[in-house]
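Okay, handing you the structure first.
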Amino acid sequence: MTELLRVEHLNKAYGEVPVLQDISFTVNTGEVQVVLGPSGSGKSTLIRCLNGLEPYQSGTIYFQGQKVDPTPKNWQLLRQKIGMVFQSYDLFPNLNIMDNITLGPIKVQKQSKATAQKEALRLLDTVGLADYTAKFPRELSGGQKQRIAIVRALALHPDFMLFDEVTASLDPEMVRGVLEIMANLAKQKMTMIVVTHEMNFAQQIADNVLFLDDGHILESTPGKDFFTNPQTDRAKEFLQSMDF
Amino acid sequence: MSWQIIQQSLPMFQKGFILTLQMSALGILGAIILGLMCSLCQYFKIPVLKQIVGAYIELSRNTPLLIQLFFIYYGLPGIGLKLSAYTCGIIGLIFLGGSYMAEGFSGGFDGIPNSQIESGKAIGLSQGQLTRYVVFPQGFALSIPALAANIIFLIKETSIFTVIAIPELTNTALDLIGLYYHTNEYLLVLVVGYAIILIPLSIILTWLERRIRYGTFGD
Amino acid sequence: MAHSGINLIFEGQNLPRLLGGLWITIRVALIAIIAGGVLGIFLGVLRTFKNRFLRFILRLYLEFFRIVPTVVLLFLFYYILPKSMNLNLPAAEVATLVFTLWMAAEASDIVRGALISVPQHQVDSGLAIGLNRSQLYYYVLIPQSLKLMLPAMMNLISRIIKTTSLLLLISVLDVINVGQQIIEANQKQYPQGAFWVYGVIFVLYFLICYPFSLLAKKLQKD
């Protein structure tokens, strides 16, 4: 198992208020790391720090064994290797589906338009939306938009993917389709860090669980154990509160 | 009300009408260019220029066009800068309109949700690419209703050019009234003249506002 | 030398005269803002009612005052009131009337916009506790929409004040008119008088309007 991402002693505060404290963990290639924790515990902030959308005060991130130099320019280069999907999909409303997906490959990775479009079509097909290339985001349902957002991230062939509660604003009947896509990715050994409130899904895909509370990692437990036998009382309470 | 008097006056009004359109077009074009440059200085927070633009916008927005025109036309010759009435009118309209357009553009740029910028960053776009593919297209679309409203506003403001004797629509009407006293007729033609220009524009504006609000960005 | 020109402002009665003109200007604006504001709130409320005919008439009134430039409005009232209605008002009062009606038209649109953006469930809960329509407006809708309409109102007020500069056109003895008289009377002695007098009036308008624009920005933020 090769190490893909290592975070050491990460500290992050908004003004005076600490939000992440002394966060350390490792993610290996092909592994699914699920991040759980109560609302406000810092899950989104952690995910955003991992692709440089939030600056952090101290700590080090190693990516493929290399220390990440946290300058804006450097993050910009790294981001094409890190796919990220947001809760609110955030497709570009001014671009159609094809252009949404190929913008990164063409402009950032300088792929030819033909190559990028071919790959986009292939990916769209895997999520069942190959007929939607000419449509605009406003013409799609929430679930469809979220699937496109995943494809948009995958189109850059990232080394790992970050998901932040990507099903949280979807109608229940849309949730399954999106989760299936993520489960498939896990099966194909995509390295992923996933924040979710879908406990059954989390149990199904997690190789390891990071349990966050109040900005600290309270426990880091293999997925097969966490849901049946969490190490801390806080995690037990949390699982109970989630009706699990 | 006499139809004959109206008919006789029409050639004069036609000239005024065309002048109003010409000066509006030039002034609005200049205002859009100036406004865009100003809003870019502010959006990219360019030091010094940003402060200058801020001061200009406040000065321009908080003083009447009439006094701006008087200052340019009657005041500036006092310090050796003499310009024709026509030039003064255009400069005045650009000085006034530039700040309104700048705020229109800025409103559009500021209206882009932060999450759009972030998802652009997340796919690795550079600052320049972000501007080109996310900020500009969305910001422009969002600022269109404000720009359209400003265009209507600026066209109406050209009526003030009459104070420096530019023979546009209003000036034509006032001149004719002074000469022949057919007040009702000339005022009617005047109102109709503005209505011909402004009613279609105002209908387009309403349509644009609806479209932008419910269509393009109904995400 | 251009610098000496500023003395013109402080010579004799010039400054008090200018300020006297400014007061005329401000008085027109003040009455228009208050009377037009009250009328505008009333009309804005009416425009949220279901009656189609009423809404159409009020919309027509708004569009008329929107489409016709204020200069033209002033002349329309200035020439037509005495002729067709036999109403001989002093120019300053004609102007006050025009600005009041204009303020009311624009204010009615702001008020309507704010009222209809109060969420429906607020209306429902108001009705659910048994409020009648006027109570609903008085206790629920108007207080809640006030916050929404204030920034636009501040901008409107500043627009009204700026537009009073047009009073000159129908020969009201406003600050600009007084300024012109001062410039003309001192043409020989102060050839650059126009630069200073109009410069000062420019600054005066700025000083009056700037606070409103600051206030509008501040209200918009919170």
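Note that the chains are named A, B and C in the order they appear, and that numbering of residues resets to 1 at the start of each chain.
As a working rule, a residue touches a chain if its C-beta (ideal position, glycine included) is under 8 Å from a C-beta of that chain, and two chains touch if they have at least 3 such contacts.
Remember, it's a predicted structure, so these values are computed and weren't measured experimentally.
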Request  = Take each protein chain as a node, join two nodes whenever their chains touch, and name the resulting shape: line, ring, star, complete or other.
outcome  = line
Chain pair with more C-beta contacts, A-B versus B-C = B-C
Query = Which one chain sits nearest the middle, judging by mean Cα positions?
reply = B
Remark   = Looking at Cα centroids only, farthest away from chain B lies chain A
Query = Quick one: chain A and chain C, Cα centre-to-centre, how many Å?
reply = 54
Gap in Å, rounded to a whole number, between the CA centres of chain C and chain B = 20
Query = Once you find the CA centre of chain A and the CA centre of chain B, what distance in Å lies between them?
reply = 46
Request  = Please give the residue numbers of chain B that touch chain C in the complex, ascending.
outcome  = 58-59, 61-68, 70-71, 74-79, 156-157, 159-160, 162-163, 170, 173-174, 177, 183-184, 187, 190-191, 194-195, 198-199, 202
Task = Can you check the complex and tell me which residues of chain C touch chain B?
result = 2, 5, 63, 66-72, 75-76, 79-80, 83, 158, 162-166, 168-169, 176, 183, 191-199, 201-202, 205-206, 209-210, 213
Key: Residue ranges of chain A touching chain B (in the complex, touch as defined)   = 51-53, 76-77, 79-80, 82-84, 86, 88, 90-95, 103-104, 107-109, 137-138, 149, 152-153, 156
Query = Quick one: in the complex, what on chain B touches chain A?
reply = 113, 115-116, 118-127, 129, 133-134, 137-138, 141, 215-219
